[in-house]
Amino acid sequence: MSEKKPVKIVTIGGGSSYTPELMEGFIKRYEELPIKEIWLVDIEDGKEKLEIVGKMAQRMWDASPYDVKVYLTLNRREALKDADFVTTQFRVGLLNARIKDERIPFSYGLLGQETNGAGGIFKAFRTIPVILSIVEDMKELCPNAWLINFTNPSGMVSESVMRYGKWDKVIGLCNVPIASMMAEPATIGKTLDQLTYRFAGLNHFHWHKVYDECGKEVTQDIIDAIYSGKDTGVPENIHKLPLFKEQYDAMKMLACGYHNYYYRQEEMLKHGLEEYHGVGTRGQQVKKTEEELFELYKDPALDHKPEQLAKRGGAHYSDAACETIASIYSNANRHIVVTTRNNGAIPDLPSDCAVEVSSFVGATGAKAIAFGPLHPAERGWLQCMKNMELCVEEAAVTGDYGMALQAFFLNPQIPSGETAKRVLDELLIAHKKYLPRFKKKIEELEKEGVTIKDDVARELTEQGL
Amino acid sequence: MSEKKPVKIVTIGGGSSYTPELMEGFIKRYEELPIKEIWLVDIEDGKEKLEIVGKMAQRMWDASPYDVKVYLTLNRREALKDADFVTTQFRVGLLNARIKDERIPFSYGLLGQETNGAGGIFKAFRTIPVILSIVEDMKELCPNAWLINFTNPSGMVSESVMRYGKWDKVIGLCNVPIASMMAEPATIGKTLDQLTYRFAGLNHFHWHKVYDECGKEVTQDIIDAIYSGKDTGVPENIHKLPLFKEQYDAMKMLACGYHNYYYRQEEMLKHGLEEYHGVGTRGQQVKKTEEELFELYKDPALDHKPEQLAKRGGAHYSDAACETIASIYSNANRHIVVTTRNNGAIPDLPSDCAVEVSSFVGATGAKAIAFGPLHPAERGWLQCMKNMELCVEEAAVTGDYGMALQAFFLNPQIPSGETAKRVLDELLIAHKKYLPRFKKKIEELEKEGVTIKDDVARELTEQGL
Amino acid sequence: MSEKKPVKIVTIGGGSSYTPELMEGFIKRYEELPIKEIWLVDIEDGKEKLEIVGKMAQRMWDASPYDVKVYLTLNRREALKDADFVTTQFRVGLLNARIKDERIPFSYGLLGQETNGAGGIFKAFRTIPVILSIVEDMKELCPNAWLINFTNPSGMVSESVMRYGKWDKVIGLCNVPIASMMAEPATIGKTLDQLTYRFAGLNHFHWHKVYDECGKEVTQDIIDAIYSGKDTGVPENIHKLPLFKEQYDAMKMLACGYHNYYYRQEEMLKHGLEEYHGVGTRGQQVKKTEEELFELYKDPALDHKPEQLAKRGGAHYSDAACETIASIYSNANRHIVVTTRNNGAIPDLPSDCAVEVSSFVGATGAKAIAFGPLHPAERGWLQCMKNMELCVEEAAVTGDYGMALQAFFLNPQIPSGETAKRVLDELLIAHKKYLPRFKKKIEELEKEGVTIKDDVARELTEQGL
Amino acid sequence: MSEKKPVKIVTIGGGSSYTPELMEGFIKRYEELPIKEIWLVDIEDGKEKLEIVGKMAQRMWDASPYDVKVYLTLNRREALKDADFVTTQFRVGLLNARIKDERIPFSYGLLGQETNGAGGIFKAFRTIPVILSIVEDMKELCPNAWLINFTNPSGMVSESVMRYGKWDKVIGLCNVPIASMMAEPATIGKTLDQLTYRFAGLNHFHWHKVYDECGKEVTQDIIDAIYSGKDTGVPENIHKLPLFKEQYDAMKMLACGYHNYYYRQEEMLKHGLEEYHGVGTRGQQVKKTEEELFELYKDPALDHKPEQLAKRGGAHYSDAACETIASIYSNANRHIVVTTRNNGAIPDLPSDCAVEVSSFVGATGAKAIAFGPLHPAERGWLQCMKNMELCVEEAAVTGDYGMALQAFFLNPQIPSGETAKRVLDELLIAHKKYLPRFKKKIEELEKEGVTIKDDVARELTEQGL
């Protein structure tokens, strides 16, 4: 591979608190992935954080044996020029937007789940137009680059890039599968390299099967381990709650942590409401953690990822992202679970849609492993969710209110009716600034006098946040 | 057609209050469908009702110009011998079972919808083993007969006949589509024979489009009529509530009345709980109506269908059923909306599953009209529901508790969690008598001390009803 | 239906010898289909025939009780203005083109079958650009009209209208199914109205099943009738040859006459070569028949369809065409076998492709009846042919030589190799005048010195015919 | 992996001339795949060859640093007991059967291609019942073993194991893909480890795409290399002939050598007939090579694979087979092109059928990489061939003559008609000994006096060979 040139990496949303995690991942893999330069891009509103985290990032490289320059810029186009890999971890509207995504539904007793629920739908509405504009820039400035997306909802955002952006060199990432793969092997006395994993589904909505080094399925052993109280890597940000054992008996697969929102909806809602009325929603908690992190990052002596970042919920993100980029660069064909084009891997879904599946990642990108058809019990959920995603993406692109309503009601976390419609309306108003495509409808709602009931969300909105 | 022999019709569940409706339909169509004899079959528990309604049925024929003999029997096999058409309208556990299906979920604040919701799942659990035993008898005693099923949940029951009974000559019926077709034309100043209807979906879960005599689509005109307050034929037994107009704007199809349980879930639950805490659930109301009907039927002077039957909720059943039978017999190829094998008519669903679609019904049975693919917004719902049905049927046949739980949680009317699981458990206990395949699990639940919280349901169960 | 206005019919290729057949069909159905005016359109080269047949057409109407005016024009756009139905029966390059389509392959010992074989591929190449330009005119001049296409290859031409013309109101017709339905019933002592037919496949490539008035399948009875020597309606223009009985035993369906080109390829080739070296190809025979017909048509006393037209091969065309138009106009929902969008009717083929299937035809056009999946033996043929058609259409639209070659080799009538490629090249040269999209390649071939080996075809080409 | 036990390998058809190739492959990979014992199984007729090659095999191991015992047996059940891997390379009827498979079609001027053509169909008819009986033994004697099939037609044989044998642990192998991967990289100045290959199709009927270490597609570069005269690894046993360049322009994929039988049919037939009338068919040539090989093998001094084996046509078989077995054993997840269950990898084919595709092979077997949909030009061929295979397998299992005829005519190498039917009949008679399921039909044919026209084939048959 000696002929390959060192790479230019561009990270959009570079001011994120995740950036040090990413730097750590690149430093660890430098020998496989020689980096020439890293560009951290952010917007005016994120300038201060970009400065803090950017300096921290440069310190990390300076403390490493490698000579890599970290560039900080608010000029996305300058950064994208001739990029090899563009990673996206931006958050339109920052954590304040997430707080509204969560609090407005909870204020009406509904789940505001921030990736696949009502909150996630709005995150998609805000993010998809932006990612599509990034793709337009990439077509012009770095037409051979790979887009490695971590911005949630990672599945819908990545699918929009393919479907509406007509850009195929995109891979969506998430730390949920890797977290399972890090934690589960030990529960049955194995190491990861002994096991074969097969994931299939959608982002934050997948199942998996596991086999040992002799090819024997050990899925049931891991299920048993769950019920003996062992930690199987459900991310910190999800309320941990085992599924009913009888469901696993029927399912014969492991479900991801986010399945709690579908298989234990009642309890997830109850827990969410407790937080809403108590310590604050997850977004509010994360905001505090983030503020603490940025205080740490300011310390000019800090030149490595601080422990506290793990609490943020993004553990293993760098493992997913850097491993993917390194695998592409070095054509390593490693097994990584990513969002990529289905191509038949899950024959129950259209060939042209995006799925999150076990793939082998190499120079040609991610190639999904054919998983085969699912049992109706999982197929029903999966087809429902994929179609919900397609409706969200269509609404995000068209700004069609009726389609937004269809997506809302099709979403299994949202019971249809007046209340859900009210939540939709308040969320539109709350995010007006980031939803130009819904402008006409939002103005109608404002004329009708729709206001935000939740105090925190209303105040944030009134402050233009 | 002169060579065709007059037909023998067997009605299982012949003691039903619907029987006079059916008789009226046959009498109306006698010239097209010359009947030789009608056998009304019921079980020991229904003997009294069978006597009452059977005599009433004979009086109706005697008052007609036609010489048809109505046989009453508790011996199903005797009746089935050489039947041409077997109609099924039996209700395992009678209306008391329905009352439990409804009240137990409501007692926990959940919808107990009796056809596609939690109640409907249990109706399927009770009914499927019985219909399969009828099919076994038919294979032996009337292998050329058509099975015309009205027993709800009509879609799942009919699909089980094909899938597990391996019996293809089955057609499932429902009065919902016909009710729309009776009411809608007038709302736009048309008559039914001027319009072309295209239905597609599942039983109690379908959409339709309408075209005028020039082929111009008039779906939107009917949607507009709904919002100007016109009656579009939503059955009496459903709480009438228009969908949000914006949804129709996106959908561009008419939804059936039962869609309220999915598109207006909050309001349907609220209304159901009001009835539960007030006048009683729909099953309780129907039970009263039925008692009144049987009082009427006892009148030896009554020889025609009484007006009050319309209130029962089954209006137009006879139109659907008798029209289907007559269309088969006379090879009329009339457009009827029935449950039949998909065969690709809705390409978003497996070819071998059952769907409820616009079909042409003639001597070869019902031939579905290819509807083509649906938009993701409807496709998501449809695929979710069909897979839910497949899980229900599998659980009904195997008695697998895990699969029952999977079906429960996949059902969009049922929020997953402890409460839903509790409802499942109580329903199992309440229907123990009719659920031999779940016997082992029910005994476990009894050992665990699970009891029924709702007073009415508990008392019915304690009385062995 | 009293509100419906009398219709304007436009026939493109109005100078065809078929026109009197069409007139006869309209006259027969006038009560159901009141016609206001008929426009016969042709091109400069067909002016003389248009005059002859147009006068004949007017005489036929004048001899009828109906007052209908037949307009003759070379101005297509004038004719299309406000048309209700546009029928297309034009033949680009007239019968001389067909003669080349047949003779060039035969001159190399290959089948030149003029609808689905090498000849048919070139007929598609010549016709598709023309039909697409007609559609463009229709979009502007008669956007609500139905396009009723009889121009062969009817399946590919109609599919191109949908796929490339983006025009959905198109129905493709053929007389093959109707010929079977006219002839077969008598072979088993039945009348057509007693039987139910189910056709599925592609134009000139379909199978069917038949059921009696009791719904009992009688397909095998008709197969038996074939082997007892009865005429089952294979069109006059096809060499009649029963399939091997053992194939029918496996197939359990009736095949159309054109299946001989696939199931009895050796004998069809032998027969074709005999004609080629003897009486002339079918095209040459038809040309003579046509000349005789036009002589007859010139007779100012002739005011009805002459007997001789039946020999032409187009018997029942008017039944198919006029029946379809009448069925749409009067919303009759009659069973007609047409080329229409699949929509899942044959689930083995893509939903969006065109198929020739049993349909019910009414005001909304043709609605395919879901046929369900085929056995692999037929599925293999069908998928091969449909994909071949798609390649032909793509090549017709793009003028891509490689794609033309792919289509040629995929066509089961054409053994791949140098000879077939040579045939492709000579056909391109022979039809240069009508293949502007292949201009560049044809000029290359001319430069390479490719000439036409068959004398007749070469001379026709040299004469600019 | 220290916990894994050394493996027992059973090779059915162990007396084959390929066995030394296999031994060499195992010796090379011993460190990765520690073998305990190898059982070579053959039948009575192959006893002598088994002795010769078996001793040779033991000498090869004795000359290696490893202590492995080679057991020779005619008792298949004894050998299968507790096997870890069962490899099948048997040839029912030996090379004499192949000679008949080839000569009988050629005697009528038809291709007798021995894997996918008429010959291959009969190889499948002879082999499938035998492999199914092996599977029955395996279920009893080594239920955890992997079946690694090299017996041709490898795709149909492997699919039958899954479909009719209900045995999922099967992988079908072939040396065609590996031969391309060995030869092609050098043609563009690359090494195999720099390139990424993506194969999709069926056994002896696949296409592939190639990408360099930067993910850039280099398929076209290899196509160009073909036309500059470079060797791209078409197996020795296939007449080498490039496709028409224009086809590659349209196809944008590389075709396998066997595609010549479909894309250059005329020339392949011509070449085959020359051999038939000259040096003898490929089977006759191989028979001579084999006899020479066995003479060599008898040499007690020979303890390594002789050069001459490469001429046999099976070059790289051991690479495919041993690599697959080693990859499973060591869970290496290497990219190997194998026949495995589709599972959606080629969405144009049913999920449950067998395909030959790029897969990653590890402890759980072969997992197909999702290739995605093909262009209609390739899809048409592929669907035709897969359905042809399904018909062959059905006929092999049922002995249904009509289905055999359907398979014959659907096969693109066989022009339908009397001659093809005659070839089918003669082949049935020629292979009577190995076709018990077709016994009844063969006896009928004998009664009708059908005899074999080709002298060589007739004499072999008369000699009971």
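Quick notes
Lettered A, B, C and D in written order, each chain numbered from 1.
As a working rule, a contact is a pair of C-beta atoms (placed from the backbone, for glycine too) under 8 Å apart; a residue touches a chain by one contact, two chains touch by 3 or more.
Heads up on the chains, UniProt names are A, B, C, D = 6-phospho-beta-glucosidase.
Quantities reported herein were computed from a predicted structural model and do not represent experimental measurements.
By residue number, over half of the touching pairs seen at A-D are also found at B-C, the match among A-B, C-D or B-C.
Chain centres here are C-alpha means, and the one lying farthest from subunit C is A. The distance from the centre of subunit A to the centre of subunit B, with each centre set as the mean of the Cα atoms, comes to 44 Å.
Between the CA-based centres of subunit A and subunit C the separation comes to 55 Å, rounded to the whole angstrom.
Chain contacts in this assembly form a single closed ring in which each chain touches exactly two others. Residues 244, 246-251, 262-267, 269, 376-377, 379-381, 383-388, 390-391, 394, 400-403, 405-407, 409-410, 412, 415-421 of subunit C touch subunit D in their complex. On subunit D, the positions that touch subunit A within their shared complex are 1, 4, 194, 196, 198, 211-215, 328, 331, 333, 335, 341-347, 351, 360, 362-365, 367-373.
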